[in-house]
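Below are two complexes that have subunit A in common, paired first with subunit B and then with subunit C.
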Partner chain A sequence: MTYPTLYAICGVVLFGIGFYGTVFCRHLIRKVMAVNLMGAGVFLVMIALAARTPSGAPDPIPHAMVLTGIVVAVSATALMLALIRRLHHQTGLTELPDQMEH
Partner chain B sequence: MDAEWAMTGLIMVPLAAAIVVYVTATRFVAAWGVAVAMLQTGLTFSLTRSILQSGPVQVPLGGWEAPLGIPLYADGISALMLIMTTLVGVTSTCYAAAYFSSLQRDPRRSSSQPSIQTFWPLWLILWSALNALFLSADVFNLYVTLELITISAVALIGLAGKAQALVAAIRYLFAALMGSLFYLLGVALLYSTYGTVSWHLLAETVQPDVLTWCAASLMIIGLLLKTALFPLHFWLPAAHANAPAPVSGLLSGLVLKASFFVILRLWFYVFHPVMPASAGWMLSVLGSAAILWGSIQAIRQQRVKLMIAYSTVAQVGYLFLVFGLACEPMGMLAWRGAAYLAFAHASAKAAAFMVAGSLMYMVGSDHLDRWEGIGRREPKLIFTLALAGVSLMGLPPSAGFIAKWLLLNAAIGHGRWEVAAVIVLGGLLAAVYVFRIIGVSLSSAVPMPEVAPVPRMMRWAPLVLAMAVIVGGIVTTEPIRLLEIGAPPIAAREVAP
Partner chain C sequence: MTIGGVLIAALVGIVSYAIWTLPAQSAGLADAAAAELERSGVSNPVTSVLLNYRAYDTLLEVTVLWLAVLAAMVLVGGWSTGVGQISETQNPVLRGLVRLLTPLMILVSGYLLWVGGHAPGGAFQAGAVLGSAGVLLLLAGVDWTRKVPPWGERVLLTMGLTTFMVVGLGDMLLEGVFLEYPPAYAKWLILIIEAPSGLSIAAALIALFLGGRLRCRHIMSEQMSDEGVS
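Up next, the complex of A and B:
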């Protein structure tokens, strides 16, 4: 197994852990971290696969995509935190209520 | 040349306006919105005319060709989606202008209500991102535009400020981000296999192997979560029902169609030679379940906005019937039906949400008990709701009828009687909840209720939209001709098992 493949598999495992956390963690901050872990997993896959070119020189396009992805992840995290802070300020909740209150 | 300017303008004009109104914090923010709406109408018209005359247009931005540059691409279905966005966008802009200015004038309401200064930049960015998505020619750009749409849509729900709306917005944001990351992982796998993100090039080189199949599944599962196909619809009703009045229609009408459009693009233009027919059939089964489940839930609701939101769950189900029906010899009918239904549902649902928003503004609640007799006070609004309802039920003459008729013909042509039965049953169930709202609001058992006056534009904007749905059921040759331009090669598809 080559190093890039190993890293790519690590990325998929991270993605899976993050997915589990996003679905099953109750605390909202844990959920935010789990979503970010999913994102980190995808970025790791992209970086790892960029190294698998025939010439051996890394492919710059996935790197550019990861940069864009990081920008998106930062903005999304900021929005998540802002909403969670507002919710906590108004209601004191740190978890989403179980039953769907319409 | 004209078409190139139109395509760039459709994306840049709202984006630039969003930045200007945010940075300058101008008092005339609604005027900026209306000006953008007028420009967008002109640009959409000019682009559509050019596509009708000379076929699909591709523009390399800044002169950089793929794979380095970011190309834009417009064909018939993009044009139809842009027309849909412009129609709903322009009416929502007028509606929102009236809604927010009357909130500002009324001191009793303004304290707890969303601020006008934050609505406009978010809505203009959402508009720009929607247009960019419909014009994207590569799968990574589709990811970026999907994220822009998600972030601005979630922030728009959060504007309502109440705890319920915040909970709904957070739940929606987590679901949508998970969906985006599934999609992005699929993009990474596709790029590593084929070395391109342009869907034109992918369509030429795609092979039926395990990695492609994994990538396709990841991308489509992520998008299903964003489109709220049953059983992944858990976030939708609360998010759409608790959003501010002008926002609900945008969410149900446009935001869902964006991720549906991406599925349509990927499925029919890229993956259709390599996907097993059973996968498409599975989406149709989920769609049928969504129609029945969403309609029954809609009938059971006590709050009108929730009823309309569950109706969206059902109507999204109709859109997914196409994936099981898109094979020889009736595939073209199903494809046209689904594309036209996206248009019909956007207009009808946005009109219904606007009517609900206006009546909620007058009564102060959207509980159905509080609406008794309100139709005798506001016949125009209830008439508008009835027109939108005609399309949701799929009765002639309406765009919804044409779309569902095409789907029904495709289902019968394939001998899929169970699908045909679901299409008809869904229409009947829609009639139950539409007539329930109309019946209660026209009830003469109570004295005519005293209500707050509503700005005139909040009556006219939904009526214009509802009339457009009816016109879309009468004038059909032009939209169908538009859909022929750049239509996918469905005829090459084998018959489902």
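Up next, the complex of A and C:
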């Protein structure tokens, strides 16, 4: 097993943890953190797989895409936090009403 | 919850297996990117991808950041707790540290912007450092946003996107294709895009921290009176 593979599999596991949190955490701030963890996992996979070039110099395209992705993740996180804040301000809720029990 | 956990574990297993069976070496697009590097105007391959080959991505990314600020402006509309509360809880150690760090962070930000052409760095890194310097000042109780004039907020937030569009449309006049730089001027065009973009990104990050606005004191008093009425 090479180092890029190890890092990429770590990224997949991080994505899985984040996915679980996004689906099953009740508190909205936890959901936001879980979505960010999913993003971090995807970035780790892309950066790790970019290191597999024969020359040793990493492939710049996934690096540039991750850089773009980080900024989009920051924007999305800020938007999620703004939405949560507005929801809390208007309803006092910190989690979405449960649909499963109806 | 357990069924979901098992399904997600299965997904992780399948994707991990797919990564495990990938060939150990793959050139990807590294060679294609390296072949055109001389004509891209910069010698850092990541910057050349970001601002030349895939400049559309970066243009849309700046747009996404700007849209997030607009959405936060609509949803939150400024910082309702206010900088005033933070400056009451300020401590002298933080203030001293910020006094030392702020000029250094501005310098590092300028350096990152310039060095992006040939080494790791660029507008986003520069903007992130400059933005965190601004947030750090606010957290230390220095309300510099008071000095931002009403038009300054709009100019700061939109100058990156505007410059990007103007340069892109100028390329369209010269070369016939949107964002297709003439190779002779590529280096300077990239720098012309990056400098205002870096400032805009810093302004956008600070605005997101302040709930969508750059001028918190004015907004704060408005919002407080709004909340007092409701």
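Keep in mind that, in the parts below, the second predicted complex is superposed on the first by the 98 of 102 C-alpha atoms of A that agree within 3 Å, B and C clash if a C-alpha of one lies under 4 Å from a C-alpha of the other, contacts with A are read in each partner's own complex, and residues count from 1 in each chain.
The criterion applied here is as follows: contacts are C-beta pairs under 8 Å (C-beta built on N, C-alpha and C of every residue); 3 or more make two chains touch, one makes a residue touch a chain.
Computed from a predicted model, the values in this text were never measured in an experiment.
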| item | value |
| --- | --- |
| Touched partner set for A:His27, first subunit B, second subunit C, both or neither | neither |
| Partner chain in contact with A:Thr91 - subunit B first, subunit C second, else both or neither | first |
| Partner chain(s) touched by A:Phe19 [first = subunit B, second = subunit C, both, neither] | both |
| Which of subunit B and subunit C A:Val35 touches, first, second, both or neither | first |
| First (subunit B), second (subunit C), both or neither touched by A:Val45 | both |
| Shared subunit A contacts, counted only where both subunit B and subunit C touch the same residue | 12, 15, 19, 45, 49, 52, 61-62, 65, 68, 72, 75-76, 79, 83, 86 |
| Complex contact set, residues of subunit A against subunit C | 1-2, 5, 8-9, 12-13, 15-16, 19-20, 23-24, 45, 49-50, 52-55, 57-65, 67-68, 70-72, 74-76, 78-79, 82-83, 85-86 |
| Residue ranges of subunit C touching subunit A (in the complex, touch as defined) | 1, 4-5, 8-9, 11-12, 15-16, 19-20, 22-30, 33, 45-46, 48-50, 54, 57-58, 61, 64-65, 67-69, 71-72, 75-76, 122, 124, 201, 205, 208, 211-212 |
| Subunit A residues touching subunit B - in the complex, by the definition given at the top | 12, 15, 18-19, 22, 28, 31, 35, 38-39, 41-42, 45-46, 49, 52, 61-62, 65, 68-69, 72, 75-76, 79-80, 83-84, 86-87, 90-91, 93, 96-97, 100-102 |
| Touching residues on subunit B, where the partner in the complex is subunit A | 67, 140, 144, 147, 150-151, 154-155, 158, 161, 163-164, 166-167, 169-171, 173-174, 177-178, 180-181, 184-185, 187-189, 191-192, 197, 234, 237-238, 241-242, 301, 303, 306 |
